[in-house]
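Which chain is which? They are A, B and C, in the order written, and residues in each are numbered from 1.
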Amino acid sequence: MKQFFSRADVADGETLLQQARAYRKQPRLDFGLGTGKTLGLVFFNASLRTRLSTQIAARNLDLEVLVMNMNQDGWTIETREGAVMDGGAAEHLKEAAGVLGRYCDVLGLRSFAGLQDAEADRADALFHQFAAYAGKPMLNLESATRHPLQSLADWLTIRDRAPKDRKIKVLLRWAPHVRALPQAVPNSFAEWMLADEQVELHISQPAGFELHPEFSTGAQLHHSPEAELTDADFIYVKNWSATTPYGQIGSDPAWMLTEKQLQGSPAHIMHCLPVRRNVVLADELLDGPRALHLEQAENRIWAAQAALANLLQP
Amino acid sequence: MKQFFSRADVADGETLLQQARAYRKQPRLDFGLGTGKTLGLVFFNASLRTRLSTQIAARNLDLEVLVMNMNQDGWTIETREGAVMDGGAAEHLKEAAGVLGRYCDVLGLRSFAGLQDAEADRADALFHQFAAYAGKPMLNLESATRHPLQSLADWLTIRDRAPKDRKIKVLLRWAPHVRALPQAVPNSFAEWMLADEQVELHISQPAGFELHPEFSTGAQLHHSPEAELTDADFIYVKNWSATTPYGQIGSDPAWMLTEKQLQGSPAHIMHCLPVRRNVVLADELLDGPRALHLEQAENRIWAAQAALANLLQP
Amino acid sequence: MKQFFSRADVADGETLLQQARAYRKQPRLDFGLGTGKTLGLVFFNASLRTRLSTQIAARNLDLEVLVMNMNQDGWTIETREGAVMDGGAAEHLKEAAGVLGRYCDVLGLRSFAGLQDAEADRADALFHQFAAYAGKPMLNLESATRHPLQSLADWLTIRDRAPKDRKIKVLLRWAPHVRALPQAVPNSFAEWMLADEQVELHISQPAGFELHPEFSTGAQLHHSPEAELTDADFIYVKNWSATTPYGQIGSDPAWMLTEKQLQGSPAHIMHCLPVRRNVVLADELLDGPRALHLEQAENRIWAAQAALANLLQP
């Protein structure tokens, strides 16, 4: 595998799922696959779970890990072709990525959406430019459009607990927030769910928050906070900022999910974390037996390990 | 051992001391005890010696180490139960600790006293909450009330050089400073000294700076800068802020320890570092043969290694 | 080797070059040389390439690596002898270096020139004081006056591609910049080039930017942007701030190197990175086949590994 950027990079999802499960059962199953090799993790945005789970995954393969927090450790990076670099940026992406490509065998990159220019964000230029200049297998640690390590962990969590004898009904449900968050997690979740024929995906969100059709085509869309709540097997709760007008904060409290809204439905509740309690999701749900958020977080390790193992065998 | 929070967690101090000495003699004596396991070090306050000595100790056991500087790497953490998280905090301690508990086999936490509310500091809530949510063996990297890794290193330093045929006379002596420092180090030092029947502990400090009786009961208290100086085997010099009124800075220069004040006594001088020269302790003492501060710092490695080895065998 | 501070610390340059090449061919050739030992990397100034290449080099020798960013992780350090530390600095260099000397087997230090006081910078006091207090083999990660890891990597890059049958003509050529940069890289480059009898070194810079004779004696100096451009085998492009008046920025755009200025000469172009494109060097040179900057960056790994291997055998 040359890159783990989107669902399209995965030839056989079921095999990837089995690999993740195998590592969960036996973390050092493929210890030695990374011996003498180096993984570089480049963060243009802060990370906690992603860095830690990927570090653990890498060490389970005996990969050395180098972490670079570009805003703290390094310097501001210029990305424009042909720029006269007489301003704040001390280094061009060509050199930063070029050097890291020579230092590392696999590279992971995190770079969030700017939420100012929808087309620019959708192009995910930083990831693809970095990949081109580095010339090494690339792991998406959350780009402007996608967060595939989260989605693979989510998919694993769902498939572990899914009914075997019928379609799995999954609801991706918008929730309010106080900040403008990217659409990478919901985009990616929809993309991975729609690739699984066993899943029936519903998405509900207020008007103006519909995901781009590139990600949502094939899902059933709803616009009410109550939609499909009592009937879903899994409810994936997540805030994202508006698509029209692009990047606007959405904070309607009617969309905060509570136990009462579920009316006794046995649905599992999922969230990718970090979660703002009593804004996005009520305490009783996160503290109750329905919640799978910690299981999802743990599965991030096995998702990262499966992805890395594939990137080490290009 | 489920936690290394206070002296009370140590069933047999002499055995722990022997373990620390054994690791000092042969650092990789128990290499392999941590193979395939991960230590997470969570810092809510900056650290230099503690992080480095614990990392070295962990690697001597083949433990992988993950470091999280919560203020730099992560996000602000909410700790209040039931909070509506619409402010600055992006994640609740329940999730942060819950995830780290799933990622790591042992967790270390540093969280200083706020020095605003004596009762809140004495409850050491962050440490205990984190432990409860994480559900894994916990190492105290300095909490609001205690710094047991420092105290074990200090005890080891004292016992290495103590007279064998009589009581060891130890003076914990307050010193001036320009900032308000927590009482964790002196609390913990007193606690460990008083648990050793061979030690006779004296504490001298200005009025208003007496440690809480939970820690000082059993010690002989003095209130003069000259008290017991010429008669002690070990003088542990340390500033701490006032207990009444709580958290007030104490800077009386009469308490800065100098060679002259010792009047030819052969006492060893100890300090936990960092030390402000010529404010807390005069240069001639730190640069002279009495000073054990670098030895104490080195013993931090072996203290941490002994503690970690016990936490790995719960 | 007790320190790798300047070219003078290297008894036999050719042997060092061969070691670097041997590691490049077989990175784990001496794996085990560092087993159970720790390298401490102390940064008073930010680093990207230096940290990463040295970490990779160290791991190839099975050395454990501890990184300390003194401004972020630790506290402000006092360096003056006899200081009354009642200001911002919480720790003295004596203690910081003394502790690290007890924690680590080899120490690397980065500390840039202040560019305010030429004599103070030339004394490189922080490096030498730190070495004295730590008492361990020391690696220069770029000091006020020198950057020997860069120079060794540069020398390796040059010798790999140099003509074998005649003198190698090398031009160190000043370039404009928007900030005041230290002279460490050009000083060090000149020092290493002049130690190689096969090299004929030319240096060209505007008036006021001549390097200190300690470094430039033996080189042929020029003062025109065109000097020796068409005749050199290697052109090392680099900005540095003025020596008279000390530390002044130089930004004359006539000195930005372009393809046109080379008039068809086949010279290789070198730069230590980071490089400001279209200020220091034109895009067409960095993107063209003459450019060796990424090769230099990669050779940083093998230079660091050769230096570390020597420091581990003192």
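The criterion applied here is as follows: a residue touches a chain if its C-beta (ideal position, glycine included) is under 8 Å from a C-beta of that chain, and two chains touch if they have at least 3 such contacts.
Note that the structure is predicted; figures quoted are calculated from it, not measured.
S.K.: Shared numbers divided by all numbers used: is that above or below half for chain B and chain C, i.e. same or different?
M.R.: Under half of the interface numbering overlaps between copies: different.
S.K.: On Cα atoms, by how many degrees is chain A rotated relative to chain B, nearest 5?
M.R.: 120
S.K.: Using Cα averages as centroids, what's the distance between chain B and chain C in whole Å?
M.R.: Each chain's C-alpha centroid was found; their separation is 40 Å.
S.K.: Touching at least two other chains at once: which residues of chain A meet that condition?
M.R.: 72
S.K.: For the complex, which residues does chain C have touching chain B?
M.R.: 36, 38, 40, 64, 66, 68, 72-75, 78, 82-87, 89-92, 94-96, 98-100, 102-103
S.K.: Where on chain B does chain C make contact in their complex?
M.R.: 27-28, 46-49, 51-53, 55-56, 59-60, 69, 72, 178, 273-279, 283, 286-287, 293-294, 297-298, 301
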